[in-house]
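In what follows, chain A forms one complex with chain B and a second complex with chain C.
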Partner chain A sequence: MKIAVDAMGGDNAPEEIVKGIELARDAYPDMEFQLYGPKERIQALVTNEERIEIVHAASVIAMEDEPVRAVRSKKDSSIVLAATAVKEGRADAFFSAGNTGAVLAAGLFIIGRIKGIDRPGLTTTLPVVTGDATGSFTMLDVGANADYKLTNLEQFAVLGNFYGQTVMGIEKPKVGLLNNGTEADKGDKVHRAAFEQLSSMENINFIGNVESRELLNGAADVVVTDGFTGNATLKAIEGTALSMLSLIRSKIMASTKAKMGYVLSRNAFHEVGQVMDYSKHGGAVLLGLKGAVVKTHGSAKAETVRNTMGQIHQIVASGLIAKTVAYFEDAKATTTDAEK
Partner chain B sequence: MKIAVDAMGGDNAPEEIVKGIELARDAYPDMEFQLYGPKERIQALVTNEERIEIVHAASVIAMEDEPVRAVRSKKDSSIVLAATAVKEGRADAFFSAGNTGAVLAAGLFIIGRIKGIDRPGLTTTLPVVTGDATGSFTMLDVGANADYKLTNLEQFAVLGNFYGQTVMGIEKPKVGLLNNGTEADKGDKVHRAAFEQLSSMENINFIGNVESRELLNGAADVVVTDGFTGNATLKAIEGTALSMLSLIRSKIMASTKAKMGYVLSRNAFHEVGQVMDYSKHGGAVLLGLKGAVVKTHGSAKAETVRNTMGQIHQIVASGLIAKTVAYFEDAKATTTDAEK
Partner chain C sequence: MTKQEIFDKIGSIIEDRFEVEHDKVTNDLNFRTDLDADSIDFVEFIMELEDTFGAEISDDDAEKLNTIGQVVDYVYDHQETAE
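Take a look at the complex of A and B:
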C-alpha cells in the first residue's frame, strides 16, 4: 500500500515526520511512502530511501493560512500534491500533521466524497478509562461540520459502524447517539429525529442515547454526534484530563510529604499520562471520502507519526473505503429500484 | 429573607435536607426557612424550630415522574407548594434537590419568566483548575433548553453577566461564547450570529469565543452556550474528572511502591477531590425567572445543602432578580420609545 505524506505539516516538520515515516517503514514491510516537501531539504533528512519516494513540493500551507483559499491557490503545496496523489490513484491514503482546515478542504475538494455521503465526518478514537481497561471508542463528527442536518447524523452512524467493524475489529459495534439524556425523547429536534432514525436501521447495533459523562466509561464503541457538540465534547475531555493531571501534580508538589509520595508513585502517573495520550490512539480520520485521509496533532513527534501509520495500515488493509462505497451504492440502487 | 425548601427532594431526603437547613439557619441569622413535606415526618427531624416553619405537603414528585405532567397534576407536592410560595411572594427563593425536570417545570410554569426573557437558562458554577487557582466560572445554559435560537444566547449573556456581577462579585465579568474555535467566523450559523450580536453589546465585557478545552483554565468568568452543547460540555468535564481520579487511583493501587507513595500523598488527592467537588460551588440556578430557583444534586448531603443556602443568600441579598427585571423593562421601554 502507498501512503502520500505531507512532510511539511505540523510544528515538528519535516524532521519528526521523516523520522516517524522511517520507523513506520521498518515496522510495516508492505507500506510504501511518498514524502511531499522541498526535495533537497527532505532528502537530507532521510537516512534510507528504501520504500520512500521524495516528491518535490515547492510551497507549504502554513498553520495560519485560510484553509479553503490556501488549498485553491497553493497548487504546488505539500498538502495539495499529496491529496492529488490519492485522487489520481497513485496513493491509498493521505496523511498530514498540518493545518486541519486545509487537510479537510483538500480531502473534500481534491479527493472528494463517496457517492451518497453529503458531508464527511471527522473521526477520533479515545481511550476507555475504567479501572485497568484498555479499550477505546470512536466518535464522529468531532468538528468537520459545525452546521448539520439529520441526514448527516444517519450517515455518520453508518460510517462509524464500518470503522468499528473494520478498523477497531468489533463485529457488532455498540453505536450510541450523543445526547443530553438517555431517554428516547431527549435532545433538540434533530437529535430526537436521529434517535428514531437510528433505531430503525437494521444494519447497525444502535444502543440508544449516550451522555458525554459516560463516554470514557465505554458507554458505546461508536459515538455519533454532530460536529459542533462533538467538538465541544472532545475538547472538554482533553482539557479536563490535562487540568486534572496538572492539579494533582501541583497539590502534591505543595507538600513535602506528598512530594515523597509522588517520587514513589511517579510510574503510576506516567502510565496515566500514557493512557490519556490520545496520540497513541492515532490521528483523526476524515470518513466519507473516496480515500483515507488522516490528520494527526500539530505537535506530533516521530512516535506518533509511526503509530498513526499503524492506524492507516489497518484502514487500508481492511478495505474500509471500498466497503463504504459499496454500501452507499447498494443503498442508492435499492432506493432507485423502489422508486421505479 | 425567606427560602421555600422542598424537604422531600433528592436521594437523602428528608433527613439530609433538614440537617443542612438547620446548619444554614445557624450560619445565616437573616434567613428564614419553610420546609415543604409531610408535616409529622419533617417535624420529627427538626431539632430546633427557630426560623423554621414546616408546611404540610401531602405528596412528592418522584425522580422518575414525568416532570411537566407531575407539576400539573400533583398540586399538593412539596415542589409545587414551595414554588407557589415564591410565586405568591411568601418566599424569595425556591430550593430543591429533587427531580430536575420538575424543578425546571415548576420554575417556568408556576414562578414564571421575567418579562423580556424567552427561555430561562440553567446556570452552573465550576472551579478554575490551574495550579493553585481558587477561582470559578459560571456557564449557562447547561440544559434547560435543548432547542434554542439566537435570542436565547443573547439573553443568557445578559443573565450571566448580572450573575457574575452580583453573585460572583466581579465588576466586569469576562463573558465568552462557547464555540468550536476562537476565531470570529467559527461555529454554526446561530453561533456565528451570536458572536456578532454579543460583540455589539456595550453593557457586557465580551471577550469573544472560548473553546471547551480552556474553560477549566479560566478562559472566561461567564460562559454563554446553548443548552445542548452546554449540557454535553458540563457532563464531559464531570465525567472526565471522575475518570481521571479513578484511573490514577487504580494505577497507583496496582503497584506496592506506588501504593506507599499514595499513603504519603493521600491528602493531596483529597484536596483534588475537594476542588472538583462541584457541590461545594452550590447548586444550579435557573436564571431568567421572577424568583430565585436553585437545584442541587440529587445526592446532596447536609453540607451541600448548607453551601447552597450560602449561594442563595448571595443571590437574594444582591438583588439579582430585581436588577434583571429592571434591565429588561428598560430594554423594552427603549425599544418601545424607538418604535414610536
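Take a look at the complex of A and C:
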C-alpha cells in the first residue's frame, strides 16, 4: 500500500514527520511512502530511502492560510500534491499534520466524496477509562461541518459503524447518538428525528441517546454527532483532562505529604498517562471520501506519526473505503428500484 | 467546443451532482437559488468544471457565476482565449 505524506505539515515538520515515516517503514514491510515537500530539504533528513519516494512540492500551505482559497490556489503545495496522488490512484491514503481546514478542503474538493454521501465526517478515537478498561470509542463528526441535516447524522452512523467493524474490529459496534439526555424525546428537532431514524436502521446496533458525561465510560463504541456539538464535546473532554492534570499537579507540589504520596503512587499516575495518551490513538480520519484522509495533531512527534501509520495501515488493509462505496452504491440502487 | 456541447456537458454534471431532472436544466437555472446547494457544493462544482474543461476558474470569477448560461459563456470565452 502507498501512502502520500505531507512532509511539511505540523509544528515539527519536516524533521519529526520524516523520522516517524522511517519508523513506520521499518514496522510495516508492506507500506510504501511518498514524501511531499522541498526535495533537497527532505532528502537531507531521510537516512534510508528504502520504500520512500521524495516528491518535490515547491510551496506549503501555512497554518494561517485560508483553507479553501489555499487549496485552490497553491497547486504546487505539499497538501495539494499529496491529495492529488490519492485522487489519481497513485496512493491509497493521504496523511498530514498540517492546517486542518486545508486538509479537509483537499480531501473534500480534490479526492472527493463517495457517491451517496452528502458530507464527510471527521472521525476521532478516544480512550475508554472506566475500571480496567483499555478500550476506545470512535466519534464523528468532530468538526468537518458546522451545519447539519438529518441525512448527515444517518450517514455518519453508517460510516462510523463500518469504521467500528473494519478498523476497530468490533463485530456489532454499539452506536449511540450524542444528546443532552438519554430519553428518546431529548434534543432539538433533528436529533429527535435522528433517534427515530437510527432506531429503524436494521444494519446498525443503535443503543439510543448517550450523554457526553458517559463517553469515556464506554457508553458506546461509535458516537454519532453533528460537527458543531462533536467539536465542542471533544474540546471539553481534552480541556477537562488537561485541567484536572494541572490541578492534581499543583496540589501535589503544594505540600510535602502530598509529594511523598506521589512517590508511592507514581506508577498509577504513569498508567493514567498511558491511557490518556492521545498519540497512541493515531489521527482523525475524514470518513466518506473516495480515499483515506488522516489528519494528526499539529504538534505530532515521530512516535505519533508512526502510530498514525499503523492506523492507516489498518484502514487500507481492511478495505474500509471499498466496502463503504459498495454499501452506498447498493443503497442507491435499492432506492432507485423502489422508485420505479 | 460549441456552446451547445459545453451546455450538454455542464448539464450532465448538474443532473448528476444535484439530482436535477433533465428538462429542468436550462440556461436560466440559478445554482444559488434553484438548487439545494451550499458553498461546499458550489466549490466542488467549480472544481469539477475545471477538471472537465481544463480551464482554471479564479475565486473572483466563480463568485460572478450564478446561472448555467453564465458558466457556458465563461467556458466558451476562456476556451477561445486558450486556442
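What we mean here is this: the second predicted complex is superposed on the first by the 340 of 340 C-alpha atoms of A that agree within 3 Å, B and C clash if a C-alpha of one lies under 4 Å from a C-alpha of the other, contacts with A are read in each partner's own complex, and residues count from 1 in each chain.
Everything that follows uses one rule, which is that contacts are C-beta pairs under 8 Å (C-beta built on N, C-alpha and C of every residue); 3 or more make two chains touch, one makes a residue touch a chain.
These numbers come from a predicted model, not from an experiment.
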Regarding the shared-chain residue A:Y327, is it in contact with chain B (first), chain C (second), both, or neither?
-> neither
Look at A:E211 in the shared chain and tell me whether it touches chain B only, chain C only, both, or neither; answer first, second, both or neither.
-> first
Touch check for A:G112: first (chain B), second (chain C), both, or neither?
-> second
Partner, of chain C and chain B, that touches more residues belonging to chain A | B
Which superposed partner A:A236 touches (first chain B, second chain C, both, neither) = first
Looking at the overlay, does A:V68 come into contact with chain B only (first), chain C only (second), both, or neither?
-> second
In the superposed arrangement, does A:L245 touch chain B (first), chain C (second), both or neither?
-> first
What is the contact status of A:A254 with respect to chain B (first) and chain C (second): first, second, both, or neither?
-> first
Please identify the positions on chain A that touch both chain B and chain C, taking each partner from its own complex.
-> 147
Complex contact set, residues of chain A against chain C = 68-69, 72-73, 108-110, 112-113, 119, 147
Chain A partner contacts - residues on chain B that touch it in the complex | 129-132, 143, 146-148, 178, 180, 186-189, 191, 211-217, 225, 227-229, 231-233, 235-241, 243-248, 250-252, 254-255, 257-269, 271-272, 275-276
Which part of chain C faces chain A closely enough to touch in the complex?
-> 38, 40, 43-44, 47, 59
